[in-house]
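Next come two complexes built around subunit A: one with subunit B, the other with subunit C.
Take a look at the complex of A and B:
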């Protein structure tokens, strides 16, 4: 084996620079940020956040040109790194939600932490890992992308150095993340042992879930899924989520609950649709249980929360269950519908959840509290914020005509199209939970609209411009996806999302 | 017995042999040698020094930075050596790739230098 490797002639791999342009822009940008931070005077450090935002927008540009030029699949390194429509849509999602996080942080970090350069460098590094994840079509590149996006996130979670809660967040996230990586690696090594290849497509042909070595196959599949279930905080692997979300700086919480989670779902979809399509008898029941338990437990725990960030944390756990739902019927139902439902849900959920966290940040500038009770009287002194927050909460609850409704509609549609008893049961469980979830979203709405301010202080909130921009972007996206699900650009996006290139 | 297990049989026999040999040598010496323990014999032998203070000793936290910096160069070496042996084969492509790799690591060093991690305060 080794002698064969040495003897074979090295062929320069074909590199498609246009297809790699988003990654190249990000990579060069990260190097630039480090240097900029080192040689910039303390009084001009604000430049760093501006440059970080520009780099992200600069990386969106090639994604757009690639999308406009055509739908041909660009494959590199023997199909181990593929740029297709699915990956383009998700790259745009990761970069834009990263941009919103930069908008949200530029005020927050200036006030709370002196390490601006490192903060944005790590944030961009993590986003680069996600962008790589969207294109990875090989166990090794999936794993490298996963570590690329996780390791900076561990540090970012612990960013408030002097705050013991933030330290706890970083530590918990790190330990559980590493544990999940270890489990996943073990699963990957088993899969490689069974199939003799690390390419997802090859694994998809070899893993059937029926023939000999079926026990090893099942172990491999389950371990890999468990690894990513940690990443997407599916119950019972969710225990880190509320503590980490509460302790981390709020923009990072938004980032983790949206982008990092989306990256986990991207990896899960890659595995389910490319690596395990023939093994649906193995992954479907497993994901079915995960989805049902995640939705239910997330909701029940969210009902009891008194802190808004913890409530949003459990709500995001439960939303993750809805995204797992189409994956749980990916084999029996229509694969394209399921994949499209996952991607659409990720996009809409990203806009909505980022927006909700932006409002939380804006309000906490005045109240300095995360308690749900502190939202009393918000409508009286900040009607705009209350209205926008209502929009986001209604979208999360799935009330028409906001984006979340359309996302949930897609997920239910995918499940119902599977036409099996298990699928119908899952749909019923999810439907009941949708009603339950409305309870805690509406509790917060009632607090904002009907209760008086708890301390009687009704001076208006000063919302910085960056935060306003973030709110406008996420608010418009949330509204547009719900009101105009048929408008042409959006239809094109969802159409694009429905297929993998090989 | 499958072929797979048969190949591991060698490993098994080696393990048995190692255990036997070690047990035999220690066992014989235990039987043969006289046993007269004294306090003197329990002291550190020849080159050893009597331990002073707690087992929970502290070391300079500053060494930690140097350990991290060492990792930068260590990783660099791990990748450069195998690359250097096949330099001609990889050609210009390999050279550019390695240039990028070394540049990124150098950036780390520049960062450490500007932040004052190289100064012994």
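Take a look at the complex of A and C:
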């Protein structure tokens, strides 16, 4: 038996430990948190959130050193796991937004949940899945990364076990997530069946040209895109989003609407740019329809919402449509511009949306309400909060000079560069929707600045320190990306993101 | 011979799948799932994937269906579930229409690509020696090589995922200590 194994030519895979360091730090950190939680006294549980934050920052460190050392592509396991500039930028994004979510959660979990250790363990696991997703260049790795980031998220959405809305959120997210996984897996197996490889690059070579596309290949591509459309809550696969966002604890809502969605877009870009770049006759019309419908329906539904979390949920559905837009012209337009537009949009949207949710958390500590009407008089008793919320809302609406403006600019630029009738139509639809979206953001601003407080209670809001830190990080990022595009490191980041190593 | 095996296995799979959907008693439904899984295992054997067939029988037909039966027993089989309650009247016809449409689409796609020379059809894992020697199934060697070289990272990380699934399940099933009672923030309506 042993002789047979020796005889078979097994080569030990080359492992580049420096390149894998972020994953290793996170993996060790997850185990450490589970053990640490066992030995901490109940009164010292707050340490868990601090340690979780430190683990995330510790994992950012190797990402930075890898970025500084060089721009050469580190490829492992036969090109199935690749560290290039694209993956480094997104790893940093996932880890830092994870850190902001930890900052947002710390006070909330201390006060309200007895299971802090498990909360942060699950959060870190989900982030680890996203970090993996950024490097995965193989259908198997993509799928494992997706399950890695989804399974803890199902549990986190159902975190408030006594709250029926949270139970509903967890259940809906789980059922629809599993359904989407099944559809996607079916598509992946079809793709593997017709191409004979799970590596994205091999699939890209096998799916060649428009005239050779086989029916099964088309189905595989469509099913895989549908699976990820669920993940990024593109209409008509968005139905889970508002209920889940409303039922989940607010920091988790922020996490799902930013990081989890970004991971879905990362996977979608990997597939579009690596696995089926030649099949643009299939994915472009499909993504075009998804983008147009997502932007429009998300906006129209957001207009009617009375609850701020639901409003932000539909607004994030609509923002997802803007990120789909460059992907819908990735084949006819310039692939580099499209990819860069997607990455830049993801970064800026992450900063802005996390910030908006941090303000929602701070305000609800006083008002204990999620109604938009409860934001009346915010400027009178909490001018700082009202100002940063205005910053985030203006950025989401795409008003210069805030970050969201630059993100939208990039998306429109990518679409217009395609120079086709369909692309121009999509740009017009998006432009009309940008104007419509301003309506509900401005409604909230008017509520904060003009209206009196609904119950006359004008005592100041006490914002916990960690939440202030989260607000400062996201606020500075939102402002800096808008005011100084192309300045200092930012130009380098967008430049990096364009280079897509294989 | 090949055709005969395929037709029998396909009939098993289809009958089992229909049974899962149509049978009223949950235990019967779970048992007809076993039929489907066995049919798939037979197809694997017909394709020379013996290892996969064994894994299919042990893991799916064995462990997972037993787990299903346990859950059904614990929940109680005697309770009558009224499956005719319909919150939306259009749902059922709509589901039938979209199901038939999807099936039609799949069949059309397979038929359309039937005559195309699809790259490396049925080639399976690279390096599989279809001629088995006396001691080993070539599949196992190829599978393990693939698992421990190309996919080793995904394979190792799956173990972490299993730990996390256990943590989440324990948490979900555990009786809470009553601190997480009332929702007081943005979600309250």
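Just so we're on the same page, the second predicted complex is superposed on the first by the 489 of 502 C-alpha atoms of A that agree within 3 Å, B and C clash if a C-alpha of one lies under 4 Å from a C-alpha of the other, contacts with A are read in each partner's own complex, and residues count from 1 in each chain.
We adopt the following convention: contacts are C-beta pairs under 8 Å (C-beta built on N, C-alpha and C of every residue); 3 or more make two chains touch, one makes a residue touch a chain.
The model shown is predicted, which means the values in this text are computed figures rather than measured ones.
Steric overlap between subunit B and subunit C is present once the structures are superposed on subunit A. In the superposition on chain A, A:364 contacts subunit C only, with no contact to subunit B. By the touch criterion stated above, A:38 is placed in contact with subunit B alone, subunit C being left untouched. Once the two complexes are laid over each other on the shared chain, residue contacts for A:10 go to subunit B and to subunit C alike.
After superposition on the shared chain, subunit A has more residues touched by C, the comparison being subunit B against subunit C. Using the contact criterion defined above for the overlaid structures, shared-chain residue A:68 touches neither subunit B nor subunit C, since it reaches no partner. Comparing the two interfaces of subunit A, the one with subunit B and the one with subunit C have residues 10, 12-13, 34 in common. Note for the complex: subunit A touches subunit B at residues 9-10, 12-13, 31, 34-35, 38-39.
Residue ranges of subunit A in contact with subunit C, taken from their complex: 1, 4-5, 8, 10-13, 20, 23, 27, 30, 34, 76-78, 80-81, 108, 112-115, 118, 121-122, 125, 128, 132, 138, 140-141, 144, 147-148, 151-152, 154-155, 158-163, 165-166, 193-196, 206, 212, 214-219, 246-247, 249-250, 307-309, 360-361, 364-365, 368-371. Per the touch definition, subunit C reaches subunit A in the complex via residues 105-106, 108-113, 116, 118-121, 123, 135-136, 141, 145, 148-154, 157-158, 160-161, 163-165, 167-168, 171-172, 176-177, 179-189. Per the touch definition, subunit B reaches subunit A in the complex via residues 86, 89-91, 93-94, 103-104, 107, 110-111, 114-115.
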